[in-house]
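These are the structures, in structure tokens.
Next come two complexes, and both contain chain A; in the first it sits with chain B, in the second with chain C.
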Partner chain A sequence: MPDLQAAVDDFVIKLKRRQVEGSLATAKSTVLLLRQVVSHQRIPSSGPASSLIDAVKSVGSRLIAANPMELAVGNMVRRVLHIIREEEATIVAAQVGVTPVSDSDDDADVHGVPGLSAVALAAANRTALRAPSLHNLLESLPTSAGANVEPVPESDTKSRCKSSDKNSKSWKLKHGVIDAIGLLLGEIENYHSEISEQALEHIHQKQVILTLGRSRSLLHFFREAKKKRSFQVFVAEGAPRYQGHKFAKELAAMELQTTVITDSAVFALISRVNMVIVGAHAVMANGGIVAPVGMHMVALAARRHAVPFVVLTGLHKLCPLYPHNPSVVLNELKSPSQVLDFGEMSDCLDGTDGSPVHVVNPMFDYVPPELISLFITDSGGHNPSYVYRLVAEIYSPEDH
Partner chain B sequence: MGMEEEEQVIGDFNRWRQRPELAEAVAAIKALTAVIQRSQASTMMGLEIELKNASEMLKAWDRSSISLSAGCDLFMRYVTRTSALEYEDINAGKSRLIERGERFGDISLKARETIALLGQDFVQDGCCILVHGSSRVVLALLKLAANNGKNFTVIVTEGGPKKTGMEVSKKLSAAGIPVTVIVDSAVAYTMDRVDMVLVGADGVVESGGIINVIGTFQVALIAHSMKRPFYVAAESFKFARLYPLDQQDLSISTGQEESSNPARDYTPPHYLTLLFTDLGVLTPSAVSDELIQLYL
Partner chain C sequence: MRAQPTLSVSEWKFQRSTTTKVAFFSRNFWDDRKCFPGPENDARQRKLKDRTSKAERRALQESQRAAKEAARASGNQTFFMPGMWEAGTNPYGSNEKKGVDKKPVDKSGEKDKKKEVVVPEKDKRKDAPAPRLQFDDEQKVAKARRRAIVEQTTETKHRVELFRHLPQFVPPTQLQALEEKYLQNDTMHIHPAVGLKYLTWDIVGGNARCVAMLEAFKEMIRDYTTPPQKVMSRDLTAKINSHVSFLSTCRPLSISMGNAIRSFKLKIGKLRDTLTEAEAKSSLVSHLETFAQEKIILADKEIVKHAVTKIIDGDVVLTHGFSCVVEMVLSHAHSIGKKFRVVVVDSRPRLEGRILLRSLLAQGLKCTYTHINAVTYIMQEVTKVFLGAASILANGTVYSRVGTAAAAMVAHGYRVPVMICCETYKFHERVQLDSICSNELGDPDALVGVAGRKEFRELVGWDESEHLRLLNLTYDATPADYVSMIITEHGMVPPTSVPVILREYRKEPIL
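So, the complex of A and B:
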């Protein structure tokens, strides 16, 4: 346990100091840490899922508070919570199906509706897990609509076979969750290759592609497409961090014809471009994206000239929150030294010659879903209006 | 079914409708539950047929109400689905249906609370909200936001010719929310200083669009052209199996008389930003998904 505490504290400090860079690395570290939390957690025989959920939630809220801007942390915490709830439901359903007689009395306490057949019980469990739908409205009891089904903590005077039954259930749950988290980890690690596999479908011969700043997934994407297609890339430099310069170097090393342009030149050159492909920092539940500053401008230019605006993203960047939600802090302000050298303007910056000049250096931009043509994710290409479906599949509504 | 049965069903429905907090769809479902209680059928099929007749009668009683027919359809669909589950004993099946029907009133109130909780997140300090039409859900949402200490102002359209806006503004003032009433024609003039538009709905159709009091489409058009978000607060039992392609389709399907004074209009999904429902915050494209889940 002390090891675990130290690991959590360590990670929280890293997040606070912004030492973990990029949503991929953050997502991976978060998932590894949560797997540790799950395996170290001692599971009581009654209510195994809720103890796991509480443990994950307490660690998760610390992590999210450490860096609220890094949405991938919150996403991964919610994914793990969803995994726990799903595993619980599958185990309960399997148990009910196998031993309807021995479980019927304590399950009857749980559901409070005795005399229902086992099939109906399992169906109720499965539907309780899915997001509430029109049918569930009438199906579930109003007081516990969609709530997690937990066995009432019984006294210890249970028959031995029942208690060992429960122990195996919690053992199964824990290992099921750890396996599923392993799958999640694999999914995160493979997302670059999944996305690049789709590159040939989207990039055609002799196309001109525009992008802004630098994106690792885009690098892999272009590398894959380069094998069979010849195309050229315009890279907007992405002031004030100028990540575009670094990206242009990487592309040139791949022997791709690259042109660097300033952000202000995007509108002037957009009519010569066939397609805009960019990466995103996070995807919101309504299909909008949070992207490096300047992206909204590029999106508007693309819409104005009917150029498709394609976004590469992994499912770990998909956030179940909406951009108007005040708890989602959508922007971080970086040091103004990136914009203005301290020496040049220091006299007007502190107000000695009249009123001071303020310098604001936001890190991110929000692009609304109407400006985005396509999302390319590790599960294929999707319309922005389809994002709600992906959110419903990988997250539980109780965890938002 | 005889004349007296018909009178009983409709009488029940009207009695439930007297209660101001109860939505129309809920009153319909309660009336149908009463039919189950009185039923002498010996099989689930027989019960279903009786319910179907009662539901047709209710729908015929008020053809123009979308939420009434949506509520009836929802309950009928639930009944058909439930009888597919194994219920050896008709009495057990009946009692379960009755129990559910009676709880539906609670569900309706809970739905309103859920929507208020979801929607009030979108109300920020210092924002200005435009409200059109008179919806209990919208009122609940705004009251909750005010109770949670948010400072915002509301602009209410007058809602002619019945001037429903005055009632709404009275209720909002009573909750301590600063309200301004404007004439319907001043919506474009005021849209500049409005941050978001919030309306309720009589019905939500398959395409994700809404049917609401006349004037909603106009407000949506203005909000869209001036890039203001347009939010709809509607309970999920208002989801109806309709697909109007234009305003004329609406009058045909609801039996509204072709008049120069229509009571309702249809707003296509393209002009809606988000819908706040008890199933969660949905984009208009998600609505058809939910309907398919229920009716398939």
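So, the complex of A and C:
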């Protein structure tokens, strides 16, 4: 336990100090940490899931508070919670003798009625487990509302059927959760290859592509496409971090015809560009994205010239939150010295009555879903209007 | 050796550097039809016919044809033919003009007839600007290069293919070569260091460059004496052409400069023969002065007067880069006591916004400074956008520093009015739809480092990679629908009125 605490504290400090940055790195570290938390957690026989959930929630809220802009952390916490709930539901369903169906989320929010028979409970579970699809709607549900396992005093319902295999159940839950977390980890690490497989579908011969800044998934995407197609890329440098420079170098090393342009020239050149492909920092539940600063301007220019704006993202970047006032809430203002050096304007400021120059250096830009043409994720290509379904699949509404 | 004349422009604020170098010219013939389209070429052609008789012309053509044949026979084409240096002659006739039927010069008998036939056509097309030299046409580029004063080392290795039709950037290392080349010949006239200042981007900005050039021309006129047996107007025009070719080699001419030169040449062409040399010179000098005063200095005062009425207390005004007119507007508004805030948006690689920022801070204005990527973030607080322009084209497109289009687009998206402050002398009859067909390429190496931040060295050695190119555009074209209003000295007009102003206010009898 104490090492776990130490590990958690260590990670929290790293997040606060921005020593760990970037969705992939933070997502991986979060998942690993949570796996540790789950494995160390001593599961009481009564209510195994809720104890796991509480443990994960407490660690998760600390991690999220450490760096609220690193949405991948929160995403992973919610994914793990969803996994726990799913596993729980599967096990309960199996226990009652119903074959476990493929998971979905428990979307009902209604408290179970205490004293409900186990069979009815299981049946309700079963319907709740299935995705709300058309044939579900046509079936009649055993109760007016789906049952939710959580708030029911579990001792009552479970004591009747599970007294004998209590320990094995909690063991099964833990084991299942850890397995699923392993799968999640694998999914995070391999999302590059999943996305790159779709590269040839989107890039044709002699295409001209524009991008801003640097994105690892985009690098793999281009590498895959380069094997069969020849195309050229304009890279906008992406002030004030100038990641575009590094990206252009990497692309040129791959023998891809690359041209570096300044961000101000994006509007000038975009009429000759066939497609804009970018990476994102996070995808919000309404289909909008949080991307490095400048992306909104590029998206507006792309819409003006009817150029498709394609976003590459892994599912770990998908956030179940809705962006209210994104420029303030989903943004971070970095040091003004990146834009204007300290002391550079000081010679004009002496002698005035101290009206200092206000330098604005936001880190992110919010791009609304109307400007985005397509999301390419590891589960295929999607419209921005479909994102809410993806959110519903991988997250539980209780955790939002 | 003549002393280097000093440039003195009193009430003008523009960027200057303290180092000056002396530039020399050679007398060379530059086919000005490529650079300076306009009706005066036709005027000159007709003058030639009036002055020389038919027999003389035929003799000239025969000798030219013979020389050409001889040259071709000897396997190497020369362009130095007898009679070439006659002021006003254009031995290549209208061959150079694209889109016009190629009339061979050596068909002497038919030439006059063809000219007469062609002239009315030209009259109709007078208003259309002539096509410019396109740099992907190899023959023409080769010809131009042979006649150029400065050697153009076009590095075709690192050319961005999309911009092949534009002249590639000439690095200022030519300075040394220029000095050595022209210090030798002392029959050359000393032209002030204006050209070299353009080359090193010391003088920047449409108004500044135009004013500096006009000052240089004034000096040149004052020092000028007509050589014997030459007609002043033609000789002077030839001299101007050579000077202008030098300037444009240093850095492609801005539209403001082109318009000024056109009007000046028109004036030269209209000089009455009865004037003495001194009178002619003084009239030319006064024309130049009036041009600068009326079209630039007083026009700016008018623009400021109009624009200041648009700024109200509590405004947040956004501007991009550095435009001297916008700076004057903001200073004046602040000096008459309006309470407003300014947001200065800057862009790489020139970072001209910092100059504006300095000047506004020194006057005590509240300023916000940011880079072009953050313009969507900051636009929520902005109430008005004031932008400057290098030129406004006949279809209402604003041709301005790169990045202006992005700022105007975002402002339009947030429903913020965009106001362009531009003098009418910068308007041009040309039309343009995008920023690629016509632009100016800047120094690609300017993109490599980041000013003030030494840790960005990724692109050092970019020219070693065959696949990596750097593109540094200077201008971009803002579509007319992003512009709410253009503030000129004639008033505040919508962008659709630009061709009307061109037609009504720019007819030849003005100056």
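Note that the second predicted complex is superposed on the first by the 326 of 400 C-alpha atoms of A that agree within 3 Å, B and C clash if a C-alpha of one lies under 4 Å from a C-alpha of the other, contacts with A are read in each partner's own complex, and residues count from 1 in each chain.
The rule is short, and it goes like this: contacts are C-beta pairs under 8 Å (C-beta built on N, C-alpha and C of every residue); 3 or more make two chains touch, one makes a residue touch a chain.
It should be emphasised that the depicted structure is a prediction, and the values quoted were computed from it without experimental measurement.
Undergrad: Thinking of the overlay built on chain A, is A:Asp263 touched by chain B (first), by chain C (second), by both, or by neither?
TA: Once the two structures are laid over each other on A, A:Asp263 reaches chain C alone.
Undergrad: So, does A:Ala239 touch the first partner chain B, the second partner chain C, both, or neither?
TA: Second partner only, chain C.
Undergrad: Quick check for you: in the superposed arrangement, does A:Tyr388 touch first (chain B), second (chain C), both or neither?
TA: first
Undergrad: Regarding the shared-chain residue A:Ile13, is it in contact with chain B (first), chain C (second), both, or neither?
TA: neither
Undergrad: Identify the partner contact of A:Leu183: answer first if only chain B is touched, second if only chain C is, both if each is, neither if none is.
TA: neither
Undergrad: Please name the chain, chain B or chain C, that touches the greater number of residues in chain A.
TA: Tallying touched residues of chain A, the top partner is C.
Undergrad: Looking at A:Met297, would you say it contacts chain B, chain C, both, or neither? Reply first, second, both or neither.
TA: second
Undergrad: Would you tell me the residues on chain A in contact with chain B in one complex that are also in contact with chain C in the other?
TA: Looking at chain A, the two contact sets are disjoint.
Undergrad: Which of the residues in chain A end up touching chain B in this complex?
TA: 115, 117, 119-120, 123, 131-135, 137-139, 141-142, 145, 285-287, 322, 324-326, 385-389, 397
Undergrad: Which bits of chain B are touching chain A when the two form their complex?
TA: 74-75, 77-78, 81, 85-86, 92, 100, 103-104, 106-107, 110-111, 121-122, 124, 229, 236-237, 239, 273-274, 278-286, 289-291, 293-294
Undergrad: Using the touch definition up top, name the residues of chain C that touch chain A in the complex.
TA: Checking each residue of chain C against chain A gives 160, 162, 347-349, 354, 357-359, 361-362, 364-378, 380, 402-403, 405-406, 409-410, 413, 434-436, 439, 447, 450, 452-453, 456, 458-459, 462, 465, 467-473, 476-477.
Undergrad: Touching chain C in the complex: which residues of chain A?
TA: 234, 237-240, 242, 245-246, 248-249, 251-253, 255-269, 271-272, 293-294, 296-297, 300-301, 304, 327, 331, 338-341, 344-345, 347-349, 352-353, 355, 357-362, 365
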